Amino acid sequence: MASAFELTRNMTIGQYIPTDSAVHRFDPRFKLVAFGVLVLAIAFCNTYVGNLFALAFCLALFPLIRIPVGYGVSGIKPAVPFIIIIALLQFFFSGSIAPGGTLHFEYGVIRITGDSIRLVIVSAMRFVEVIFLSSVLTFSTSTTDLTRGMECLLSPLEKVKFPVHAFALVLTIAIRFVPTFAMEMEKLMKAQASRGAEFGSGEWWRIIRRTKDMFPLIIPLFNLALTRAEDLILAMESRGYVPGEERSVYTRYRSKGADWGLLGISLALAAVILWLP
Amino acid sequence: MREPFLTIRNLSHTYMKGTPLEHVALREVSLEAGRGECLAIIGHTGSGKSTLIQHLNGLLLPQSGEVTVDGLHLSGPKPDVKALRRKVGLVFQNPEDQIFEKLVGDDVAYGPFKMGYPLQEVRERVRWAMELVGISFDEYKDRPTFALSGGQKRKVALAGVLALKPDLLVLDEPTAGLDPYSRNELLNRIRELNRKEKMTVLFVTHNMEEVATLADRVCVMAEGRVAAEGTPREIFGDTRLLAEHQLGPPEAVEILHALHRRGHPVNPGAYLTEEAAGEILSLIRERE
Amino acid sequence: MSASPLIEVKDLYFSYRTHGETFPVLRGITLRVNRGEHVAVIGHNGSGKSTLAKHLNGLLLPDEGAVWVQGLDTREKKHLREIRRRVGMVFQHPDNQLVATIVEEDVAFGLENLSVPPEEMADRVTDALRAVGMEDFRKRPPHHLSGGQKQRVAIGGILAMRPDCLVLDEATSMLDSFGRKEILQVVRRLHGEGIAVVSVTHHMSEAAEADRVIVLEKGRIALEGTPREVFREREQLSRLRLDVPEAGRIASRVHAGHPGFPDDLYRREELVEAVERFTCGKVEVNHG
């Protein structure tokens, strides 16, 4: 029986699973660029064929990084409500009439056209594809590599005085504390439940009541976050960190031929996705 | 033999079942505790101790196996978790983290209120629980929680669970991080709950001094299994067992073990200060 | 003691200010830590131990008085980085002091702050991880490590900076007995290699191993001396809500039953050796 308290059970995005596949060993900078290229291509792809192709290709990536396809697909579950809401909004409000399109229904701002039906299906597919791609990226790339890769890619911005390094550090720390806070939250929920608290019960329209029910979680979590932040600042300062001062960087990446290959393949795939009828 | 108050039979639990992060926490654990007994569970981080105790008040439900507390079965399709939580008070590690009300009295009252008791009853329960942990109701109920010391906060959190008047009190690392004085005080309070209020107590710990002062019986867990069970004397006396599970015994026991290794005929299970001194005295007297 | 001290604290006063109120924490502390010395600081919660520790590398700055690290004044901003390189600090919560998401990156964090060139960093990280016995965990994310392992990583991160002094601010209080042993072994070895250690602790048996013990009470030094000199003051210690190590309690019980036996032994080994001395003839007969 699944527990109501296993918070991280269905979160696949953000989980790093070191199966040591070939994809794991690519240079993170190239993985990030390839990811960007593919997401862009998917974002501009409006056709059924193109999206079917992209979907099939995303699914094929899971065996390639040695992750069971079923586990990868389970990552959609938490996103289902969003997909439905977006689909509903698009279904009612974003019908445009392309030349030769048919208008099925119109009332005030609500418009349902032949295009809007296609748009709903296509954008749901796009959403799922992006979730799969993000999962593949995070399954196969440690958060450290992700942030370091990001830092390298952003480093040209240092010329316009953008604090790339501080930005990357903030990102690293934020990611570093996600599992910690998830565990704390779980512990707090369990502790308060042991004292008779019930979460997520009660009628949903009684918002104030439901918000009040969350106080026993939110207040202690807030306190914990503050103490942790204070501790962390002390620990960082005590190791000689001074914000804004010059630092050196531990991890350096060197690109290999395979990395350029990855970039080439992703560009080719993007082209196929966009050029398909 | 007393009728067992708590029975666990062949309990197994796997986290993240069906994912690449699958992890088996409990394997076929069986355990009993009699009414009024004080049972210690020791073992390493990751030995399954925390998973085990979360089954005792229904935070986790058995995936396979049985858990029965005072006649209440947890294995059926719809176990009465609410009734169970009234019977079993679970105090987590660093319970002071869960305090969220501004005033001490309000925080202790949270549980009884949630259980739906009338105001008068809530008040009496809060008074009873606070006095039990050694915090004066009249003096402290209107004090702000943030101004308490670490030891006091922990006692307030304990009172918050006691206010449900549980028959079984389950504690996870009750004294971790406290200074020696607060540690001793809290241990004495827990012993009183066990001896005077006849509460059944089950606690998880890594501190063998705690085991020595409180427990009637010890259960050693390793890799999700019960590796050994016995009185503190039996467990501390077993050099091989302690070494195998890398358990640091109380200092008295370590000293006796060191003497034993050097060929002195001492009983290393004599874990109380007084007894250990007695063992050494008889060594010296024999020589004379 | 002719050489200049590693750390010198003179007439240190410090108060916390919140909501317009002032809470004095340290009131006139004067002390020295010499090169390669092991100093333990004990005192109950709220006595000012941790606040004092945070002054030793300029995390807090004195309201009055001064702290010098090898002659560098902590109040001078330009020296701060060098002071923090020389005096490294390990904190209580293993979870709250690791910055990076991979062990080796965390060890390198301090080196990055010192702008150590990348080529040199790899070697220093390797050496530091080896010194704390964590080289096999180099590529692991810290949240999968045990508390003791996390603390070892934290110590590694400081060692990589090649400090002269390691300050442990209750660094073992959240660990199980095994984790505590791991840390104490590492610290003992580092001390043997000539690094000075200041350990703030609740564990009297840890304090008994130091060269010198400082007892704090209400922000003042109440007692100072070798472990023997300090733990001999039993009455004063119990008034300060502090204990004597278990070995000491056993020794005094033995002394009570056999007045020839010394009653001022505080380390395990001391006690075992004394018992050996009192019984040596007999054991030899046994083996002979």
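Going in written order, the chains are labelled A, B and C, and every chain counts its residues from 1.
Rule of thumb we're sticking to: a residue touches a chain if its C-beta (ideal position, glycine included) is under 8 Å from a C-beta of that chain, and two chains touch if they have at least 3 such contacts.
Note that the coordinates shown come from a computational prediction; the quantities given were computed from them, not determined experimentally.
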Arrangement of touching chains [line / ring / star / complete / other]: complete
Interface with more contacting C-beta pairs, comparing A-B to B-C: B-C
Computed distance of Cα centres, chain C from chain A, in Å: 43
Gap in Å, rounded to a whole number, between the CA centres of chain B and chain A: 41
Whole-Å gap separating chain B and chain C, where each centre is the average of the chain's CA atoms: 30
Chain A residues counted as touching two or more neighbouring chains: none
Parts of chain C lying in touch with chain A, wherever the complex brings them together: 54, 57, 59, 80-81, 84-85, 88-89, 91, 93, 95-102, 104-105, 108-118, 121, 125, 141-143, 154, 157-158, 161
Parts of chain C lying in touch with chain B, wherever the complex brings them together: 44-46, 92, 146-147, 173-174, 176-181, 202, 204-205, 241-243, 245-247, 249-250, 253-254, 257-258, 261, 268-269, 271-272, 275-276, 278-279, 281-283, 286-287
Of all residues in chain B, those that touch chain C in their complex: 44-46, 149-151, 176-182, 206-209, 246-248, 250-252, 254-255, 258-259, 262-264, 273-274, 276-278, 280-281, 283-287
Residue ranges of chain B in contact with chain A within the complex: 15-16, 18-21, 54, 57, 59-63, 82, 85, 89-90, 92-93, 95, 97-100, 110-111, 113-115, 160-161, 164
Interface residues, chain A side, partner chain B - complex: 1, 3, 5-6, 9, 15, 17, 19, 67-68, 70-71, 74, 184, 187-188, 190-198, 215-216, 219-220, 223-224
